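First subunit A sits with subunit B, and in the next complex the same chain sits with subunit C.
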Partner chain A sequence: GPLSERPLMQVRLGELHTWISTCDFSPQGLLGAAQKAWNSYYAKYINVRRGGHTGISMLLAGYCLLSYSWNYQHFKRHRWRKYH
Partner chain B sequence: MLSRLVLRAAPAALRALPPPPVAVGVLHATRQLHTTQQSLAPLPPLPEKGGEVRHGLIPEEFFQFLYPKTGVTGPYMLGTGLVLYLLSKEIYVVNHETVAALCILSVIIYGVKRFGPDVAAFADKLNEEKMAKALAVKNEAIEGLQAAIEEEKKEQWRVEGRSYLFDAKRNNVAMLLEANYRERLMMVYNEVKKRLDYQVAMQTLKRQKEQDHMIQWVEKNVIQSITPQQQKESIAKCILDLKALSKGAHAAV
Partner chain C sequence: MNLSFFDQFMSPSLLGIPLILISMLFPTLLYPSPNSRWITNRLLTLQSWFLHLITKQLMTPLTKKGHKWALILSSLMIFLLTINLLGLLPYTFTPTTQLSMNLALAFPLWLATLLTGLRNQPSASLGHLLPEGTPTPLIPALILIETTSLLIRPLALGVRLTANLTAGHLLIQLISTATTVLLPIMPAVSLLTLSILLLLTILEVAVAMIQAYVFVLLLSLYLQENI
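This part shows the complex of A and B:
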């Protein structure tokens, strides 16, 4: 289909630049994109008949990574060695 | 009289009124019309299992993405290299939180591995019960409606027999009328016969009386006409006859 309607996973690396230019970066657009992303994740991993721990554990792992990256400046001060 | 005048003037007065406002049509047009093909029921069924995930954290699509270029071990090499890089450059700093995370994660993983299937079976059972209840309600509703359809068909079949019912009723009424008519006919016949019998009895009585009277009169006259002389002659003749008869009887014996 046309470039602007394709989801991110089906955009090739070369077309990424043009794809980003067709994005809608207004608040409503960003909110809509976030909603779509959550909906697709939810439909694929959580809203199933026989789900497991996978859906939530991936969310928690992502949360751990995010919070580590937000506190990276604090962790940098507790390194074991000065020179790597 | 005055009321009739008022009634005659009413249509003219109504035409003189202003026409009713057209807002009624506008009000209806603002309601939602079902013009799309989408329908909310029945919903498509939920997928049976979620997306494939390896080691509980990394989706299968990542492995499939790297497989053509690096084969099976590619993602694992990538992971190992990444971990070593992060540790050696101390982008990931090992501190007390690492130890805490290891302990917590090991406990959680042990718990999930040990009690996972039981909890899953219990949750499935709850779901099954809910589904069974909903299905039971739906099936009951369907059965009730089908029974209603059967009853309706039966009633429709019964309606066809109406003509027979009416024929039977008509026959009954006709029979009653016929019986009544015959009863009355019988009554008429009896009454007429009674009257005619009376007339006949009267006539026979009259004739009998006339006959009796005539016989009596004739006898009376005959007895009156018998003179004493004729009586003596007849008695002497009878005696002579008797003697002759007795002689003949003696001779026969």
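This part shows the complex of A and C:
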């Protein structure tokens, strides 16, 4: 179909910048994109017939990674510090 | 020497944007809202079971009028429980280590119970200030003491939660620092410290759950006296 309506996984690398230019970057647009992303994650990993710990564990691991990246500036100096 | 052990309790910000809101809103992602199916997915089933359990526990001692508080007490319980447990993951930030947040939760809810009691049954509420069977000469002193203990309740609620969580996190950081520093020097002692760290982590998981439960339980007790 037309470029703007295709989901991200079906856009080829060369067309990526054109696809981004068709994106809606208003607050409602971003919120809608976040909602769609969450719904697809939920439908794929959590809302399944015999789901296990996978869905939640991936969320928590992602949260840990995110917190690491937010605090990186602070503890990048910890390795060679004399006193902690 | 900087006291960098306390840096983990600084409110996180990225380029000046406070991130504490994200760490407070993240628990909502972990509890999806029920859909209209009869048999839902496993996460929703677990969530409903748990919610029923705590609501029943909290609401059993309350009269019918107190059941209006079911939503706020059970959501407060889930909120505190999730935030406390999430804080035990590496590199995460625990909003409940901030005294401002815990006092902001404790003070209005305690005040609400107090005002409910004073409005609906003023003499019964004031009657709690004097336990039955006190000797007459002791009455003035005891009323002062009971009033003080009544007024100190929100402070106690907030500080109890803050102090327990902050102390736990600080202990974990101290003992893990000791373990890593001792590893090249005395591996045997480092192993001992590691076993202490494992036991401490189990304790912290328990403390996280118990503190959330105690907070909400005490609020429901204050409500029971006043409703």
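Assume the second predicted complex is superposed on the first by the 79 of 84 C-alpha atoms of A that agree within 3 Å, B and C clash if a C-alpha of one lies under 4 Å from a C-alpha of the other, contacts with A are read in each partner's own complex, and residues count from 1 in each chain.
Everything that follows uses one rule, which is that a contact is a pair of C-beta atoms (placed from the backbone, for glycine too) under 8 Å apart; a residue touches a chain by one contact, two chains touch by 3 or more.
Model, not experiment: these values are computed from the prediction.
In the superposition on chain A, A:M58 makes contact with subunit B only, not with subunit C. In the superposed pair of complexes, A:I46 makes contact with subunit B and with subunit C alike.
Once chain A of one complex is fitted onto chain A of the other, the partner contacts of A:K76 are limited to subunit B, with no touch recorded for subunit C. Of the two partner chains placed by the overlay, neither subunit B nor subunit C lies in contact with A:F25. Residues 46-52, 55, 68, 84 of subunit A lie at the contact with subunit B in one complex and at the contact with subunit C in the other.
Across the interface of their complex, subunit A is touched by residues 46-51, 53, 56-57, 59, 88-90, 92-95, 112, 116, 120, 124, 127 of subunit B.
Within the complex formed with subunit B, the residues of subunit A that make contact are 44-55, 57-58, 61, 68, 75-76, 78-81, 84. Subunit A makes touch with subunit C in their complex at residues 38, 42, 46-52, 55-56, 59-60, 63-64, 67-68, 70-71, 74, 83-84.
Contact residues on subunit C toward subunit A in their complex (touch as defined above): 1-2, 4-5, 7, 12, 14, 19, 23, 26, 29-30, 32, 41-43, 86, 89-93, 177.
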